[in-house]
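Provided herewith is a single structure, encoded as structure tokens, for subsequent inquiry.
Labels run A, B, C and D following the written order; every chain starts at residue 1.
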Amino acid sequence: MMTWINCRIQVEDFSLAAEYQTLVRQDCGAVVLFSGLVRDQFRPDSVSSNSIDPNNIDQLQALELEHYPGMTERSISTIAEQAARRFDLRAVSIIHRVGVLPVGEQIVLVGIAAPHRRDAFAACEMLMDYLKNEVPLWKKAHFRQSAEWVEAKAADKNALQRWEQPK
Amino acid sequence: MMTWINCRIQVEDFSLAAEYQTLVRQDCGAVVLFSGLVRDQFRPDSVSSNSIDPNNIDQLQALELEHYPGMTERSISTIAEQAARRFDLRAVSIIHRVGVLPVGEQIVLVGIAAPHRRDAFAACEMLMDYLKNEVPLWKKAHFRQSAEWVEAKAADKNALQRWEQPK
Amino acid sequence: MVQTLVTQVLFFASLREAMKIGSLKLTLTKPVTVQNLLMMIAGQSDRFAAALAERELLVAINEQLADQHSMVQPGDTIALFPPVTGG
Amino acid sequence: MVQTLVTQVLFFASLREAMKIGSLKLTLTKPVTVQNLLMMIAGQSDRFAAALAERELLVAINEQLADQHSMVQPGDTIALFPPVTGG
């Protein structure tokens, strides 16, 4: 059974509603959509990092997304194809934005259409775990008073173990 | 932390895009949406059920959804509150349609907004498993030449075990 | 003033169709188990007896899921239905 | 005609900032391991050496993830970067 796969890296925002419409099809009873957004984050002010004074917190303004043009697209297509081989899917859509994204902006969309919900949920989660670990994208957090590269999380790396298959 | 909960039973269609907008909030990095749709189904014609002649298949026309007014709403609110106690969620939206829904129509929407994706995915899956097992809703399948009540699936019942917690 | 407490029993989905009624009313003089109540209904007609016997049944008392051994109080609203298939 | 095969090395994210360059070109006369290549780059300046030493590094050869022991052929495109944080 063929799976329709649509992967895009873009600066522009995307419409979740429009992507949903491209995913829906008559032989699919389940559509799962994941939208990742730039979330309000706070941290102690860099000049007084031991303070718990609420006036001394630095607030995230934006995330800056860098990528490796060419490899990023190829890498996203590869994980989409892996998901399509592993689960019974009819449509996969992955859109990842790059550039400077202020708080509240959409970063990433993963959408899956499948005959049954378990395949759709599993594929969507697997693709998010792979996006976090295997695709050349990097986030820089711009706070009001400073900026720093986001560190990779052990929890994201550990999440990959769920998808390991016996050889 | 408060969780905003919105549960509705309705005959009318819903807009996934509009529900997404109500879920999005600045402290949430993850929104997961599940949309369940009436899917094309085929089965051997009831007058020749042993035949594998492709001309003798009966095609689903619509699902008819019956509910227990009052208990259905209460039961959906209860499972939403259970999910909100168990996971770190900021918004939960559950909409379930009733009445006659032709192939291609939306049946159910479960939407979750959470600071982190794992809570959002888990809550959305848990709510779908509970909707399939604990909420008084019944589907009748109307084929071209016959109609029959949908049987509860063992797989849906087994799925509940994932959410059992040690006492 | 003595109030007669009517116990209403609702049927849904395939059970409603097999019973050929959506609900019936009973007057209970004392609490009974769900199992007792089913026997009382089955005793009213062969059709009811067959409808109740031929499928797995779930029961709700006042909109809360219950089981065969739960007590039904006079005035309660009981719902009987097959396993649910929503979602 | 003898063609000189230039090996391009790309840097991304925090590594790019620490190197203060996005890429550099090397002329390899024979295949080397990724580890050898890193030593060649580190040997060019103290800043390069510090930038490469102070973080976990991932490597891609011709847009495919590789490791320290993978062979780099003259003409390959190499990318060096910190662990990814997209999604």
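The working rule: contacts are C-beta pairs under 8 Å (C-beta built on N, C-alpha and C of every residue); 3 or more make two chains touch, one makes a residue touch a chain.
Owing to the predicted nature of the structure, the values given are computational and were not obtained by experimental measurement.
**Q** With centres defined as the mean of C-alpha atoms, identify the chain lying farthest from chain D.
**A** So the chain farthest away from chain D turns out to be C.
**Q** Rounded to a whole Å, what is the gap between the Cα centroids of chain B and chain C?
**A** So the centre of chain B lies 26 Å away from the centre of chain C.
**Q** Roughly how far is chain B from chain D, centre to centre by C-alpha average, rounded to an integer in Å?
**A** 50
**Q** So the centre of each chain is just the mean of its C-alpha atoms; given that, what is the distance between chain A and chain B in Å?
**A** 24
**Q** Can you pull out the residues of chain A that are in contact with at least two other chains?
**A** In chain A, residues 36, 128 touch at least two other chains, as defined above.
**Q** Quick one: which chain pairs are touching?
**A** A-B, A-D, B-C
**Q** For chain A, which residues count as touching chain B in their complex?
**A** Residues of chain A touching chain B: 15-17, 20, 24, 26-40, 103-104, 115, 117-118, 120-121, 124-125, 128, 159.
**Q** Once bound in the complex, which stretches of chain D touch chain A?
**A** Interface residues on the chain D side: 10, 12-14, 17, 60, 63, 65, 79, 81-87.
**Q** So in the complex, the part of chain B that touches chain C is made up of which residues?
**A** That would be residues 36, 65-68, 70-71, 74-75, 96, 107-108, 128, 131-140, 149-152, 156 of chain B.
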